[in-house]
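Take a look at these structures.
In the two complexes below, subunit A is the common chain; its partner is subunit B in one and subunit C in the other.
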Partner chain A sequence: MKIIKKYITVYTLAIQGAMEYKTDFLISLVSGGFTIIIQFFLWTAIYGGSAEAELFGYDYGQMVIYVVMAGIMGKYVSTWFEYEIMEDIMEGNLNRFFVQPIGHLGFRAFGFFGVKTLENSMVIIISAILLWVISSTAGVTFSLINLLILLLIAPFSLMISFMLSYCLSVANFWLTWGWGVFNGARVITTILSGGIFPLAVFGDRIASALMFLPFPYIVYFPLNVAVGNIAGLDILFGVSMQIMWIVILFIVSQIVWPIGMKRYIAARG
Partner chain B sequence: MKATFKEIIKHLRVYRLFAKNSLMQQLEYRANFIIGIITECTWLCTKLLYAFIVHRTDSHVGGLTPDQVTLFVGTFIILTAIYTGIFMNNLGSIPWRVRQGELDLMLVKPISTQFHLTMREVEYAIPIPNIIGGIITIAVSWSRMGLQAGFVNITAYIYLIISGAALAYSFFLIPCLLTFWIVKIRALVEIVYNLWDFNSMPMQIYGKFMQRLGIFLVPVFVIANFPVMALFENLSPLLLAWGVVVPLLLFFSVRKLFNIAIKRYSSAGG
Partner chain C sequence: MQIIKVENLKKHYDYYQKDQGLKNSLKNVIKRKKLVKEAVNEISFNVEAGEIVGFIGPNGAGKTTTLKVLSGILFPTSGIATVGGFTPWERKKAFKMGFSIVMGQKTQLNWDLPAVESFNLNKCIYEVDDAQYRKTVEELTELLEVKPLLKTQVRRLSLGERMKMELIAALIHEPKIIFLDEPTIGLDFVSQKIIRDFIRRYNEETGATILLTSHYMNDIESLCKRAIIINEGHIAFDGNLADIERDENTTIEEAITKLYENKEAKAE
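Here is the complex of A and B:
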């Protein structure tokens, strides 16, 4: 019980911390909204200028829902703690985990999900408003059941994103300043996860090959469920893949972190 | 007239020193420099993805052929190189410099404070992939189209790229100057900075209302759209005049605003 209690405290403190910066987060949502507007107009123009009613396996309504939700999903699964870990390693702040009765992964996970609880509540509310606006102005229809399923599987996407970033954070033990690496990795992850365009735009072969990686299960798979391109047993298969990647990345983190910790010198600690 | 010319020469000499110092500083951390180039390559890919999509769908976006859209994207990439190389870091650091009281030294230097504050750093890593990628993109789409642009169109294209960059400087400097009145302006700056992305695709994809808004009220579409429109002879005399006037107008307005703003500087952190 004591073990659970300390992690619940981390989670609660993280929510309280996030409350302080909720305006900052809302503003970042507004500025991120520009990309959604550009995408909406771009695809409206592309479908308007194309003779085909369906492009890359998506009709206009599905594509609009996809690109709008991809922008939102990007915020939903976004991580930031790799930069905090970079500072922790540079400043020698990891020392506390040698003496405090709390694991680093547990501390990071509960802190992350605490902040995300608040942020993603705002994301869900804003998504609902945005979808309502799109459906009433652009005449795009969507299935409520599919959106409910998306709501259920999105936390798995969040967990994959967390575990990926946690594994990548280990690079901080080798790099003095990993800022550029994380930024580059973020862009690559966004593209490969289908966070800008559906992976189908790269062609069937590339899209199929990418399905062997964890990235598509962060955005591409859940959004295809939302637009109705994945249904029935395929959803169950996708969720199994999500769980499998969470487990794999957890195992990887348990291997690479001890290796990285051997390089830790508590420079300024 | 002679005094003005002398001042310009002096500032150009100082700028050469700024550029040299920045290069030496950035090459001191070579790994970071290389990582910066690699990171920017990934961003470049996202910009090119838009052109890739238009080609794959063979769609005529806003009446433009896929090659015309690609030439637009190339121009946007070149403008991004200019903006990130010369202005971005300088403008982004203004709020911090004002808060830290770093202007004290700049105020006593025998050069323009605005010039010193907004031009002192030159970024090299970010523009390199953008310049290469932008030129290749423009060259490929140009040759695919077999574009036969006359001397006047090409001159107008180059002039409007330069004036577009100058417009971007003035436009993005405005929110930074608010730091002399308001302590926390990060959020506002972030929102305005994201307006840059509206140049990633031709303005023809937006409705008439948004086009007018982006040309006359918040002239963000003037930056990347007007050079390409001049090249394709799609720019009406009125819009061409606006494209020439608005960067100058905004530059002199920002100059005035800067002079007003600097009077409020109180060397807070110094």
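Here is the complex of A and C:
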């Protein structure tokens, strides 16, 4: 019981900490909106110029919902703590986890989900408004039930995203300055997860090959559920793949983190 | 009872050097020459339960490295150490529950939130019950005169105020062993004195063992009967401060500087 309390305190503290930065997050959300607007006009033009009603297996309405929601999912699953871990290692603040009876993964995870609880509540409210605007102005329809299912499976996406970043953060033990790696990884992850446009755009063969990686289960899979391209038992299959990747990445982190920790020299005084 | 035992402890780091200039930067990309720094070299000492021991030495002497090894942050290159009956770098939970380390140059407080939030987190981390937690915070904030600041965002505290909060945060779980690495660094003399008096009183009342490093001889002289002087990874002196050889005309600082030099002569 006391152990659970430890992490719940970390979680609530993270929410309180995030409250201090809520304006910053809202502004970043709004600025992210520009990409969404560009995407919207781009695909409207593409469909307008095409003789076919369906491109890459998506009709116009589905595509608009997909790319708009892809921008939102990007915010929903975004991580930042790679940079914090980088600083912890550079400045020697990782000491705390060797000295205090609290686990690093647990601390990071509960802190992350704490901040995300606040941020993603804003994300969900804003996406609801956005979807309402789009449906009433562009005449695009969507299924409310599918969106509710998205709301249920999105937390698994968040967990994959967290575990991926956590595993990647271990690179900090070898690099003094990991910005390049993380920024590069972010771009690749976004593209491979279907965070810009559906993976089907790459062609069927590449798309189905990518399904063997964890990335599509972060954005591509849940958004295909949202637009109704994945339904029924396929949803269950996708969710089990998500859970499988969370477990695999957890195991990877348990292998690579101890190796990295051995390199830690607790720098700076 | 000897609560800290250190035997032939050694900690070596690898590091690299670069000669001046762009050419040498490029050369270093291809091949770097690895050098070894002997931060701590075969030191041995014991500390009795309830003692306050001052750890003195110039910058880079190996004081902080020793404290880091003794608190389990670093693995030693070789040697044995037991702290409260545990080998620190095994990082057992029971060991962690019984000690605390405060580094004057680092913070364990959450800067975005008031200090009381960090205290509460430590309360949960160390599984301290409510009544004891309230009593500890009440007493310590009173002693250190920071009670009115408990609800102020840590970012807005002065260095001295923050240091006092760091001390309280480190004492929430009533550790039996406390490592203080330059707890008074950069503080004005009033704050220094408050912290000094606090440390003495805490030691008297709880019987906690304290290992303290400082560059301020005032700290050491007023708190520690015994001092361990370390230089270039070796122990240059271990004993009562009063026993350091000096005549009437030399200050304690001068006498200690002399000890550093002796060690250097021996090392050569």
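What we mean here is this: the second predicted complex is superposed on the first by the 268 of 269 C-alpha atoms of A that agree within 3 Å, B and C clash if a C-alpha of one lies under 4 Å from a C-alpha of the other, contacts with A are read in each partner's own complex, and residues count from 1 in each chain.
Operating definition for what follows: a residue touches a chain if its C-beta (ideal position, glycine included) is under 8 Å from a C-beta of that chain, and two chains touch if they have at least 3 such contacts.
All of these numbers come straight from a predicted model, not from anything done at the bench.
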| field | Superposed partners subunit B and subunit C on subunit A - clash or fit | value | fit
| Touching partner for A:6 - first (subunit B), second (subunit C), both, neither | second
| said: By the touch definition at the top of the document, which applies to A:187: first (subunit B), second (subunit C), both, or neither? | reply: first
| message | Quick one: is A:196 in contact with subunit B, with subunit C, with both, or with neither? Answer first, second, both or neither. | response | first
| Which chain, subunit B or subunit C, is in touch with more residues of subunit A? | B
| note | Superposed angle subunit B/subunit A/subunit C, CA centres, nearest 10 degrees, is 90
| Does the superposition put A:232 against subunit B (first), subunit C (second), both, or neither? | neither
| remark: For subunit B relative to subunit C post-fit, closest CA-CA distance rounded to the angstrom comes to 6
| message | Could you list, by residue number, the parts of subunit B that touch subunit A in their complex? | response | 29, 31-32, 35-36, 38-39, 42-43, 45-46, 49-50, 52-54, 56-63, 186-187, 190-191, 193-195, 197-198, 200-201, 204-207, 210
| query | Across the complex, what residues on subunit C touch subunit A? | reply | 13, 64, 68, 71-75, 91, 93, 96-97, 100-101, 103, 105-106, 108, 110, 112-113, 117, 120-122, 124-127, 181-182
| Tell me, which parts of subunit A touch subunit B in their complex? | 23-24, 27-28, 30-32, 34-35, 38, 41-42, 44-47, 49-50, 52, 55, 175-177, 180-181, 183-184, 187-188, 190-191, 196-197, 201
| Contact set on subunit A toward subunit C in their complex | 2, 5-6, 8-10, 13, 16-17, 20-21, 91-93, 95-96, 98-102, 262, 265-266, 268-269
